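Here's the structure, in structure tokens; my notes come after.
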Amino acid sequence: MPPFNRLDWPIAAAMLQFPAVTPKGELVQDQGPDEWAVSLQEVVDAGFIHFDPTDSWLRIADLSEARLEEFLRTVKQVGLSIPAITTARRSVIDPDHGDEYLAYSHRVLDTAARIGAGVVSFGFLRALTPAQQQALWFWTAPGPKDPDDPAVWKLAVTRMQELGRHADEVGVNIALEMYEDTYLGSADSAAAFVRDVNHPRVGLNPDWGNLVRLLRPVERWEAMAEKTLPYAKYWHIKNYFRSEDAATGNVVTAPAPLEFGVINYRKAVRMAIDAGYDAPFYVEHYGGDGLSVSATNREYLRRILPR
Amino acid sequence: MPPFNRLDWPIAAAMLQFPAVTPKGELVQDQGPDEWAVSLQEVVDAGFIHFDPTDSWLRIADLSEARLEEFLRTVKQVGLSIPAITTARRSVIDPDHGDEYLAYSHRVLDTAARIGAGVVSFGFLRALTPAQQQALWFWTAPGPKDPDDPAVWKLAVTRMQELGRHADEVGVNIALEMYEDTYLGSADSAAAFVRDVNHPRVGLNPDWGNLVRLLRPVERWEAMAEKTLPYAKYWHIKNYFRSEDAATGNVVTAPAPLEFGVINYRKAVRMAIDAGYDAPFYVEHYGGDGLSVSATNREYLRRILPR
Amino acid sequence: MPPFNRLDWPIAAAMLQFPAVTPKGELVQDQGPDEWAVSLQEVVDAGFIHFDPTDSWLRIADLSEARLEEFLRTVKQVGLSIPAITTARRSVIDPDHGDEYLAYSHRVLDTAARIGAGVVSFGFLRALTPAQQQALWFWTAPGPKDPDDPAVWKLAVTRMQELGRHADEVGVNIALEMYEDTYLGSADSAAAFVRDVNHPRVGLNPDWGNLVRLLRPVERWEAMAEKTLPYAKYWHIKNYFRSEDAATGNVVTAPAPLEFGVINYRKAVRMAIDAGYDAPFYVEHYGGDGLSVSATNREYLRRILPR
């Protein structure tokens, strides 16, 4: 029996739509609770009762204990709860900031335990290149690549084992986000990486949306699902239209609501649950009104989850 | 006055999303009623009260009478009814299996009459080529083509006349599915074919979605509608995004919900009803979560059908 | 405080889906109220209580007073009201019809005042070329271009000042529609034009959908928003999927519902309201079932407007 049903499965809003710097140039990291409440209220107004304080918006692990308590009070006041914490672009093998991000990752684990979030999403994605920042869709411009170097792979494995031990001590799970051109950039590589880490607390965030949107050949989602769902510990869910011309190889993609894109989440979610998936879902959407589409995606998930 | 309104017009779910072979390698054709009920219950859960036992899922015409009764009991128990039967890729002029599929088509007519389904969809589409099976979207790879040979056209006409006589004896209609590169591959050819058959029981299934998704120039749906709706006896309804660059001729398509695609079904359905259309609708969708999109399409149809 | 909230902000249906000539060859301009009522009832059936009698359907400014009264009675009977009037392809600097369209524009202002519509949309778009008429999507074929000629720009400014004075006398606002290859074809040019007109009654209709659908490089909507929303006096709202390959520059677009397209209207509407926007919205959609998508877009706007 799955631990939740379509009515009570936690479905968390991403905070991707909310930038770290306000239009006035103010850092969200420095805002007071009243200002945080404005963004959180918007999430509530879109119908969410769960959200993930994605660190592209706010690094709650870098708040003082007093400020964290203010934050949690605000979250509670607007009526939200936090089942998970997502980090973005804080690779522990970042060539320039790896050590710093490793220390940060440890703080995130402690914070997750402190606030009762059961899972944290880490990944090897790095800061966007200038070309990616210029692009309408950053995934159509070349980005950083994890090196084809066994020593760096080994370092990544070792650091994840270290984080896994910490996670185990504080009772939190780790999900590693699949992302192109990283060691988690294909289903085979992601599964191999997790097997190398070989720690019961460390699994995958099978975010295939990161891959099916690429303008290059990609593995079919069903094949990726078979390989990666058994390791899933958290799940960033998003979808894309993907046109492929079999005659020319021409590929065009565009962000799509969950129901309409190329990944069949009705089937994928069933496969996940059959494989024992019992963690929250994280609904995100790039392009246009991400919060509204995330809300639409939440309603779709409610329709297709088990009764 | 149309025979139905937006509340009671029969709108049947396709069973395209349900494969003939289960993940465990079991044939649906050999399953017992409890297993059929799982798939049928999923259709019910998506809000359908009508479905079409599309033979890519289950060939009900090939069940023994005892098994057919089990099937019908199951259908009734879950709360579904069957207004029509669709066959797929059983061309009576298939070079290798034409005679076999002709015999099968006769059995389908008898089965339709036996279970009270008023219409059957036949077509000249053939098995997918290996290249089509490999493609993300099979319609972007070249498929079989009906020969430019008057003798084969004549054979197709003769066999449809034979099936038309049988259909008339048992009180069932035949709708021929428009499909690229067959004798029903354009509005003009489809209309000419039906006129050659010249039997009141034999009309068209104006499935323009099969055509507007092609990455080649295609006739505008309005022109196809004028030519084919007067012959419509059943209707596979689906839609596509279709981008065409007038300057370069570049075409990109993707599966779309009915409301959002290039075919204006509000207008098409009105044209059909004005032309006397009184048969069920069949909602299908390739790509992603076809059952959910089919349910969304059903709700759209309910909104635009006459009060 | 914005003057309306999500429940009562006027959101007008476009009449783009309704052609000026019926399938039987009859001009809507010559129809009687019973025939107008059929189209208006369809708008009501789609859930609208406001509509804009777009003049591609019916030129209400060219009705006699008796006929206009019939029209208004019909509008009232079906339960609609008219917050604005949109003109299409009646450029006051049209090389062949500029004088005629100027006179017509004056009549439109008087009619708007007569019927209590607070704003009129004018623009410099011209009749579609034959290539545009042939195209599936007219904006993918080259269209007329406003000349790079200061004398014509000056004439355009002068005529808009003249219309602005008239508008002021009768208490109506003028919104100039952003449209490619006209003097209102980019955010910078549109803002410069309005500043040249320099009349408090004359502002913009920031219809960025006209631009983001183009298969050429276009400015990001956020940048256009900053430049044009301060001048907005009416707003044609529509959205598009827009795929851009940063590596090749390849662009593909397709009409999209407001919620799903590249422009984030949640953010854009907030920016507009922060800049003082207090006029109605006009929901339109090209391609497929424009009326249904417009209704879907209306519901989306209701969700994201201020409580």
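Side notes on the structure shown:
When the chains are written out, they are named A, B and C in that same order, and each has its own residue count from 1.
Following the convention adopted for this analysis, a contact is a pair of C-beta atoms (placed from the backbone, for glycine too) under 8 Å apart; a residue touches a chain by one contact, two chains touch by 3 or more.
Predicted model only: the values in this text are computed from it and were never measured.
The rotation relating subunit A to subunit C, fitted on Cα atoms, comes to 120°, given as a multiple of 5. Here subunit A and subunit B face each other with different sets of residues for the most part; under half of the interface numbers are shared between them. Between the CA-based centres of subunit A and subunit B the separation comes to 40 Å, rounded to the whole angstrom. Contacts with at least two other chains are made by residues 241, 252, 254 of subunit B.
Touching subunit A in their complex are the following residues of subunit B: 45, 131-132, 134-137, 140-142, 215, 241, 252-257, 287-293, 296. Across the complex, subunit A is touched by residues 220, 239, 241-247, 250, 252, 254, 258-267, 300, 303-304, 307 of subunit C.
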